[in-house]
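Structures are listed in the sections that come next.
In what comes next, chain A is part of two complexes: it sits with chain B in the first one and with chain C in the second one.
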Partner chain A sequence: MTPAAASELLPATRNALSLLLLSLADDEFVIGFSDSEWTGIAPMLEEDVALSSLAQDELGHAQAFYRLLADIVADGRDADGIAYDRPPEGYYHARLLDHPRGDWASTIVRRYLYETADAVRLEALASSSWTPLAELVGKIRREERYHLMHVGAWFERLASTPGEPRARLLDALKRMGPDAGTVLAELPTELALEMAGIATSGSADLEARWRAGLAPVFTRLDLPPLPATADPAHARTAHSDAFRRLHADFTAVRQIDAGATW
Partner chain B sequence: MPRAVAKPSQAAAAGLEPWEVFRQEKEGDAMRHGGSVLAPDAELAVHYARELYGRRQESVRLWVVRRADVHDLDDQDLLQPPLDRSFKKPGGYVMRDKLAAARERSGQAKPRARTGGEPTAPEGTDS
Partner chain C sequence: MIDAAVNEMAVRAALADVPDPEIPFVSVVDLGMVERVDVRGGRIRVELLPTFVGCPAIDVIRGAVADRLGQFGQPVDVDVTYRVPWTSDRITESGREKLRRSGFAPPTADGTTHCPYCGSANVAMDNLFGPTQCRSLFYCRACRQPFEQFKAV
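Up next is the complex of A and B:
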């Protein structure tokens, strides 16, 4: 049994756990910020409120993961410090989230691919041996259920509406398909995480589970199957120009006034 | 027709189904749920709604909706999620200190309250 207090973890375990938490937090943070770009310009007022609220949920999840991470790193930085005070290349989110918000179909495809993969990842982490993570993931999964319902409704709708909706969805799938699997790509510290029981499934298992879940949906909607993950060894590094622009946006206030509070 | 049909099974056997009635007390008010009636179709449902929820001139408008057309949501994961949601509430953004600091920087005085006298606290700060 892994001790609950971060200070009691073995150094190697602590490092591995830090990287896992950073990947979870940065994923939620980046998709949350990127989706929030729809605030004010979503296709309908109701959808504007809905997507903005979902984006806020993701930022809330990111904050909770950053807090756990801050406890483990214990270098004096708080959650905001970790979230905002890094150069773009210091972020560790999956390459799928490097794709810009794009049009509505791109946002839906990005969310759909991300949320389905995230659900598989969180399901496995819900039985993590590190109880602070297992408990947090238990709460987050209850919110993510709705996220899946919301994005699933849009994905099915766009895919089964001929003409522009389906064409735009197919185009987005073509662009993002090769990066979809990056959410579940192996972390360099996977072995240490599995040995400590912090991760209960290997990334290959998770990815297989995720693909098996998506396959019948793609078949039913007559969508081309998802390609294999491109360059999985660099799934979370070497970020895009689109992310650099997003980073410049979300760090703007912090750079003007480092002590600003919300 | 029986005077009162108590059980849904009896109502269904009698060809009746429940209709939900919403009423507006005066023009401009929100429609509020008033109750329900059993009726075999929309026409009679509206008549019964008029008798049960409007005969004393207590309503200026009624909406009558087949209960089967109401989409029910009582999933607590969707409505009462377990994480802290205080950041979803505008009250989380306390503006008073920020405004005071901004005024100080710009050298502007606080605008006088319209009623004169002591400045009053912003609405909601002591409730």
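Up next is the complex of A and C:
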């Protein structure tokens, strides 16, 4: 049984766990902030409400992961400090989330690819030996179920509506398909995570499970199969210009007034 | 105040006065947000379960709980935990009735939804997502009222 208290973890385990938490937190933070870009401009009022609510969920998950991370790194930074006080190169989210907001179809495709991969990842982490993570993931999964229902319905709707909706969806899949697998790409600390029982499945297993789940949906909707992951070794580094612009946006208030409160 | 007067039952009774900031008609006890209450060694310790991980009301609720328990004259620790996940079946029977009377449909395990105003099942979901993380939007075709339902989680 791995000790729950961060201070009792072996240094190598603590480093590996930090990187895992950073990947989870940054993924949820970046997709949550991207979702919030639709607030006020979504194609219909219902979706304006939905994307704003999704953003609130995802940013809440990010905050909870950053809090666990802050306990582990214990360098004086709190969750906000970790979330905002890094240059763009310091972020560790999957390349799939580096794509700009784009049109509605791009947002749906990115959310669909992300949520389906995230569901597989969280299912495995729910039985993590590190109790604080397993407990948080158990709670988060109950919320993510609604995200999957929402984006799954939109994905099917766009894919099965001929003309512009399907054409835009296909275009978004072509752009993001090669980056879809980056969410589940191997972390450099995977071995340490598996040895400590923090991760209960290897990334290759998770990716295979995720692809096997998507294949029948893609076949039914007559969509081209997802390509292999491009450049998996840099799945979470070397971010895009689009992300640098997003970063400038979400750090703006913090840079003007670091102690601002609402 | 003497120590003997402070016990778990008294603390839980006091918590029944702490309202949800959004729907003041229901309390944190009605919503099933109170997990452990521990009165020991001259301290009161309460565990709260957030309904949603990112619920922005949790700090307000935490403060309200600490304020309410301050009357016992002992140090109060209010912890927010995911040790036990909050699930919508934790909402008590009286909590469900209070929600209905406030115009909210309580969550149901079988996914059915009845209009809190007229009881009709002839309702349509307008949006899985609503004005707060924990609620979905519906419309009652029978009495033509929009209403919200607590998400089943």
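In the analysis below, the second predicted complex is superposed on the first by the 261 of 262 C-alpha atoms of A that agree within 3 Å, B and C clash if a C-alpha of one lies under 4 Å from a C-alpha of the other, contacts with A are read in each partner's own complex, and residues count from 1 in each chain.
Note that a contact is a pair of C-beta atoms (placed from the backbone, for glycine too) under 8 Å apart; a residue touches a chain by one contact, two chains touch by 3 or more.
Computed from a prediction, not measured in an experiment: that's the story for all the values here.
Novice: Both complexes share chain A, so when I overlay them there, do chain B and chain C fit or clash?
Specialist: When both complexes are placed onto chain A, chain B and chain C end up clashing with one another.
Novice: Contacts for A:Arg236 in the overlay, against chain B (first) and chain C (second): which applies, first, second, both or neither?
Specialist: After superposition on chain A, A:Arg236 lies in contact with neither partner.
Novice: For A:Arg166, using the defined touch cut-off, is the partner it touches chain B, chain C, both, or neither? Pick first, second, both or neither.
Specialist: neither
Novice: In the overlaid three-chain picture, which partner chain does A:Glu46 touch, first (chain B) or second (chain C), both, or neither?
Specialist: Touch partner of A:Glu46: chain C, not chain B.
Novice: Let me test your reading of the model: by the given contact rule, A:His99 touches which partner, first (chain B), second (chain C), both or neither?
Specialist: In the superposition, A:His99 touches no partner, neither chain B nor chain C.
Novice: Give the label of whichever partner, chain B or chain C, reaches more residues of chain A.
Specialist: C
Novice: Determine, under the contact definition given at the top, whether A:Arg121 touches first (chain B), second (chain C), both, or neither.
Specialist: The answer is neither, since A:Arg121 touches no partner chain.
Novice: Quick one: is A:Leu54 in contact with chain B, with chain C, with both, or with neither? Answer first, second, both or neither.
Specialist: Only chain C is touched by A:Leu54; chain B is not.
Novice: Please pick the stretch of chain C from 3-11, 39-47 or 111-119 that overlaps chain B when the two structures are superposed.
Specialist: Clashes occur only in 111-119.
Novice: I'd like to check the shared interface: which positions of chain A are touched by both chain B and chain C across the two complexes?
Specialist: 53, 56-57, 59-61, 64, 139-140, 142-143, 145-146, 149
Novice: Could you please specify the touching residues of chain A with respect to chain B in the complex?
Specialist: For chain A paired with chain B, touching residues are 53, 56-57, 59-61, 64, 139-140, 142-143, 145-146, 149, 262.
Novice: Within the complex, which stretch of chain C touches chain A?
Specialist: 52-56, 81-83, 85-87, 126-133, 137, 151, 153
Novice: Which residues of chain A touch chain C once you look at their complex with the stated criterion?
Specialist: Listed in rising order, the residues of chain A that touch chain C are 46, 49-50, 52-54, 56-61, 63-64, 132, 135-136, 138-140, 142-143, 145-146, 149-150.
Novice: Give every residue of chain B touching chain A within the complex, in rising order.
Specialist: Residues of chain B touching chain A: 77-78, 81-85, 87-88, 92-93.
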